[in-house]
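Both of the next two complexes hold chain A, though its partner changes from chain B to chain C.
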Partner chain A sequence: MAPSPSPRKSSTSGGAPAPTARRALVLGGNRIPFARSGGAYAHASNQDMLTAALDGLVARYGLQGERIGEVAAGAVLKHSRDFNLTREVVLGSALSATTPAYDLQQACATGLESVVSLANKIRLGQLDSAIAGGVDTTSDAPIAVSDRLRRALLDLSRAKTVGQRLAAASRIRPKDLAPATPRTSEPRTGLSMGEHQALTTAEWGITREAQDEVALRSHQRLAAAYDAGFFDDLVTPYRGLARDANLRPDTSLEKLAQLKPTFGLGLDVPATMTAGNSTPLTDGASTVLLGSDEWAAEHRLTPLAVVVDAEAGAVDFVYGEDGLLMAPVYAVPRLLARHGLTLADFDYVEIHEAFASTVLTTLAAWESDTFGKERLGLDGAFGTVDVDRLNVHGSSLAAGHPFAATGGRIVATISKELHLRQQRDGGTPRALVSVCAAGGLGLTAILEAA
Partner chain B sequence: MTDERPVVLLPQVPPLGGSYVRGVAAGGRLAVERRLGRAGASLPALAYEVAGVRPDAEHLTAYQHHVGESGSDRLPAGFVHVLAFPLATALMVRADFPLPLVGMVHLANRVEQHAPTTLVEALDLHAHAENLAPHRSGTAVDLVTEARVDDRLVWRGVSTYLAKGVRLAGRPADDEPRPSFVPPVPTGRWHLDAGTGRRYAQVSGDRNPIHLSALGAKAFGFPRTIAHGMDTAARTLAAVGPARGDAFVWTVQFAAPVLLPSSPSVRVARDGDGFGVDVWHARSGKLHLTGRVDPLR
Partner chain C sequence: MTDTYLELVNGGLTGTLAKKLGLPRPAPLRRYRAGEPLLVGPVLVLGKGADADAVAAQLAGPWDLDVHRHAHDARYAALVLVLTEVTHPDDLAAPVLEAAATLRSLARGARVVTLSRPATDEDAPAVAAARQGVDGLLRSLAKELRGGATGNGLVLADGVGVDAPSVLGGLRFLLSTRSAFVDGQLLAVDTDGGSLPDDWDRPLAGRVAVVTGAARGIGEAIAETLARDGATVVAVDVPAAGDHLAAVANRVRGTALQLDVTADDAGERILEHALQRHGRLDVVVHNAGITRDKLLANMTPEKWDPVLAVNVAAQLRINEALLTSGDFTDAPRIVSLASTSGIAGNRGQTNYAASKGGVIGMVRATAPLLEAFGGTANAVAPGFIETEMTARIPAVTRQVARRLNSLQQGGQPVDVAEAVAFLASPAAGGIRGRVLRVCGQNMVGQ
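Coming up: the complex of A and B.
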């Protein structure tokens, strides 16, 4: 193990060249099986699930009572009482109570962003160890009171005189008492994510058959990975679930073809997106253990992968310039250019399957000469990814997609795969991870075998 | 089984629903028999057992949320008590049980958690009564409950109850005075609203009227509903949290009931290898309960 010099040391040596950041390693991961909304975790809270995933990680890597540098995690749908969710989870876990924590949130990129942020702190020498995580429940989603009722109640609490109290209370109307459930639509367009993706799907002419094939492959590969024991050291059973509840190992193109389209029904092309080739609402949590080379050696942990770099992106979807979920299409070429890499240099490409068509429209944009020239500013098409390298152990269509937990699932899965591949074939296998998110956001990262 | 008593194997955990009705009836019968000098002065010499009890995930989650435990698949020690308690109650409502169930006061509770037990393990539960003993205010008895997984003892609980004013076993030899309590610096405060008793009754199945309604509480001499002893005890264990480890002894002595609603002061602090816990009335300084959680040796 040859640690590179820490920034602190080299900064004392005067005019030395900019210090090389040390490596941030993925040392392991643990998640609970993902459940369908209203299923096995119907009454489990975000705190319950994230604690279960974290305690599973702690048990797996012998971290009981350990002070970890920092734990960062988040949830997309969060109760206001969970303002300090991650710290509360740490306090309820087997980690030392002196482990600091913070919450973060970047829609569906939350999990990957927690990995990236903490990895950067490790690279800077601020942290020696860290745990990234994410959790979401659509079963135990927060329900708020209406804005009118909320304002009236707040005015009521501030009222000093009987007159003021009466005035505030008299503003409350029966219809104000109806609860406000969290909206799944984009605030600026009023369209749901599926409706947005249906526009992109139509624009790129993605067929129903191609989408169903992506879904089928996801189920088959995830089922095969479970059968091969790949997830034995990545998943801790919880509340009676040992595998992702959404997984349908016996699904087929025939079965998928029978499902009625659910998105894009009002467009002038046939609707192609169904419940089978879209991710379902899901509950679950995931965690990723990160550390420096020194910390890994001290704790006798085998480094799986290096978090090399990351690039966030965003698209202007509000005026229809780009599809809502197309930000990674732009972020990845920038990320790869920074490292002098092309898509052909990657052994694995993980594209989060928000919808089967998200994967297909991303690939179509990268394969398009016109898009490469006009939108990406390249000489031609960006490149191609064949299915042998793509989502090799299945992805969100099969596993489900508890929003903030997906990034941790992908990073832990592909890090283990990179490590196994290196053990088998040598070299330094490399993986690209791409996650699209609400608000036209995207986050992408490069990992390579450690 | 370590116990010599004959075992009655029940097909399932008896429902608690009718226990208090039967308990009231049995209490009336006992009062008559005592007046006639015919009441028994010994405990039923048998144990009740149920094999293969599978905890329910929803039930576990509801319990964990109520007492403030993490939503782990591990069963909190107080949850095992909830699972085993109906067996003890079934013993206490037997015609040959010498003390009345209703109106009994929970004096103390001791639980040994020998190994963690989880949602996916089937529990073999056991209950018997022992130690019928004189107390300065009546007669005390220990209800012993045990949980085994694959013939391995994982959990053992001893709940000591007092039947006030019932003199079966004579007077205590020495009436030692209670140690006086000086409130320490609190580390926290609980906020127990008026519905706390009803909600614990839901998650525990223990529908003692003193926890359910003011009327029920008044019938037994309490001005308002009172928090369930095992609810407050479970909150002390939850307050210690994961630092309790895998194997521990959790003891609680109940001093005075918590009248609801209440915001008692709490101190949970390291003491030696374990933790000491005190819960007292924030204004009067009167002790509600005191306890310890120590590593099991």
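Coming up: the complex of A and C.
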């Protein structure tokens, strides 16, 4: 769209939109430690947790009373009363009450999508600053009444006469009173995410040992990062938790090998996916501070990384040939082609560990000549990612995965890593972020040291 | 935490009963509120000579107080005894006895402040006797005062005029409700260094202050008090205390820095944060401290080492980093938390007392290193303060510990914070390497 010729004043300090997009910077992040479902945050709501994460960010960067351009966040599992969750969180935070906010939701990609969409607004000059976030709780999940009970109750509220009221009430049966709990199964297939991934795992012949190795590495790397103080300016403790509750620094291949498989039990091939190499249900919240170069300078904040670009993808997992969580496999080649990059051009690759096998099937697809030619339309295999560049500070298998909070965790973590790498070695280190999501969705992004 | 006994003996029926039984009746202390007047009621300035006249003129002029030079039939809010020019013990009688006549009618929470000179080896014996006599006089008088009144003194090194910034700053501090729990203390003013603030209500305006151990208790109160006085505060505490720390930082509109002060690079990281985020660093308050009480016969490295590491070694390392950085040079202030344990000793606290005694030695040797930049280092030694830490003392022991001072009660974290804020202020530049006790004139030690 061409810039409007009208002389109307822009509300941003950047003035008229620049002819070329300006840089959108990651300036920092904050999250609360992630807790296992029913654990330390069993009685915390989404609003409580996101407020804690946001207030921790405000405290770290001295943003008290500041009017941020916009705060965008979301939750995958959400109470109907939380229709305006992010705005309510802002009102309860130390930010200025004049900070606008909106909710968004893209399943497990919610956190990353909030970063991407706000970064784009900054690039366009609509915003000078923004905070992206995400939160989820499976402990305080919304429980709905059954559809029959809900209809009867709504009719009852509309009834005007005693007769109408009695008629509406009389339709309620005892079985209608059973609550409808939220499910993580796919609406179109009825299969849980784990069962879907078990199909993909079997298709690609991913071994139990390879999955356990991914899990072990995740725990070891996350624990090492905590021990080195890497998370001292990324995580603020909450409700007695100072580290992610799911983290098992002392786990081993032997311990992981003892776990019984939980997904894919009905398949022809041996089941390989266990509680150890799958992410547990998790509660938590994360935030990412974004801004323009000018805003960062005005607020004496050090730019960590640039949000370069993003690409969403989706696969037809219902009728098509692809597994539920394989969308990033297609999105990344498109994203990289736009920038003339290959996997070899990345210093870091963050692939969200929904399951250890999600990472492994993604890599296997990229390494496959056949897949590259037939499905990605390339001349051969897309490329390889060695483990030294992959999820260098651990990922969701160790940290846990509060759905909407994962994107913020990854972006803040890898942005700090990019900054440290640049300080150490110079140059412009580059990172690829890939998050798979329910509904066959995927969101991927490129970040560079600022 | 609440001092139920204090409430009871000041209540209606129980108060009358306590009076009849002759029980100790600690008075509720008035604490400073931003913007309140320095004193409510007349001030009696006693003493002969140019110094006394100058003090009276300062109080009546710039500070706009109702100053009397002779005792009238009035309820005095403060007595200031200017004894800097005494040359013989005989010189004490006139001002002291004139003050005596007013003591029964002092206002509640009144202030008695002496100004005197230190007795030194070079003094004539009679001069030294007179000067040292003030010391004993003040400490005894403080023990006789009731109704929340306190007695403290400033001891001006020879050559330091009564109009020196630290004398005026110290006098204001001791006259005000900021010094509610400071009692029986003689604070030395060593030089005429320091500067007067533009605004006595916001002496730290434009200054950037780091407070370690700021997540709770005394550190939290220090962060709030420095912010109230105008400072931009960097609140530091261990990562595990980050949630409380964030709440404090948001309340004082500062920044939170999750950091273990025992880390090798703690000083560099503190400085980097302060410079990057706030452009400067002026004040460091070393408040972070831990206890691991054990009789020495049962002491282990696990109980000894961390106490020394956190309470004194970390301070030394951070100071070293700041002093060598070249970025801590604009009238910098270091204020360390010592403890009465480090002065008088405490059974079961050899490790803690060694660390806190160490702090006292450290500030004494650090102050000269900051002198070239108009800086100084001092310590505050709290006595019994009502905190989460002292709340864990068994009930009976706690009740006894509270009463063992002239004010017959425990202090509040803010009392310590006020002393820290004073020593962090521009006016305190002439106080070098000293220890200011905030203990209500505890019975133990000096």
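Basically, the second predicted complex is superposed on the first by the 431 of 450 C-alpha atoms of A that agree within 3 Å, B and C clash if a C-alpha of one lies under 4 Å from a C-alpha of the other, contacts with A are read in each partner's own complex, and residues count from 1 in each chain.
The criterion applied here is as follows: a contact is a pair of C-beta atoms (placed from the backbone, for glycine too) under 8 Å apart; a residue touches a chain by one contact, two chains touch by 3 or more.
Since the model is a prediction, treat every value here as computed from it, not as a measurement.
Undergrad: Quick one: classify A:Thr361 as touching chain B (first), chain C (second), both or neither.
TA: neither
Undergrad: Please work out whether A:Thr110 is in contact with chain B alone, chain C alone, both, or neither, and reply first, second, both or neither.
TA: After superposition on chain A, A:Thr110 lies in contact with neither partner.
Undergrad: Between chain B and chain C, whom does A:Gly62 touch in the aligned arrangement: first, second, both, or neither?
TA: Touch status of A:Gly62: second partner only.
Undergrad: Does the superposition put A:Ala52 against chain B (first), chain C (second), both, or neither?
TA: After superposing on A, A:Ala52 lies in contact with both chain B and chain C.
Undergrad: Going by the contact rule set out at the top, does A:Ala40 touch chain B (first), chain C (second), both, or neither?
TA: first
Undergrad: Just to be sure I read the superposition right, which of the two partners does A:Ala94 touch: chain B = first, chain C = second, or both, or neither?
TA: After superposing on A, A:Ala94 lies in contact with both chain B and chain C.
Undergrad: Looking at A:Tyr238, would you say it contacts chain B, chain C, both, or neither? Reply first, second, both or neither.
TA: In the superposed model, A:Tyr238 contacts both chain B and chain C.
Undergrad: Jot down the residues of chain A that show up as touching in both complexes, chain B in one and chain C in the other.
TA: 52, 55, 94, 237-239
Undergrad: Using the touch definition up top, name the residues of chain A that touch chain C in the complex.
TA: Within the complex, chain A contacts chain C at residues 52, 55-56, 58-62, 64-65, 94, 229, 231-233, 235-239, 242, 300-302.
Undergrad: Spell out the residues on chain C that touch chain A in their complex, using ranges where they run on.
TA: Interface residues on chain C, with respect to chain A: 235, 239-243, 245-247, 249-250, 253-260, 263, 276-279.
Undergrad: Under the touch definition given earlier, write down the residues of chain A that touch chain B in their complex.
TA: Against chain B, chain A makes touches at 40, 42-45, 47-49, 51-52, 55, 91-94, 97, 237-240.
Undergrad: Per the contact definition, I'd like the list of chain B residues that touch chain A in the complex.
TA: 57-58, 61-62, 64-65, 70-73, 119-120, 241-243
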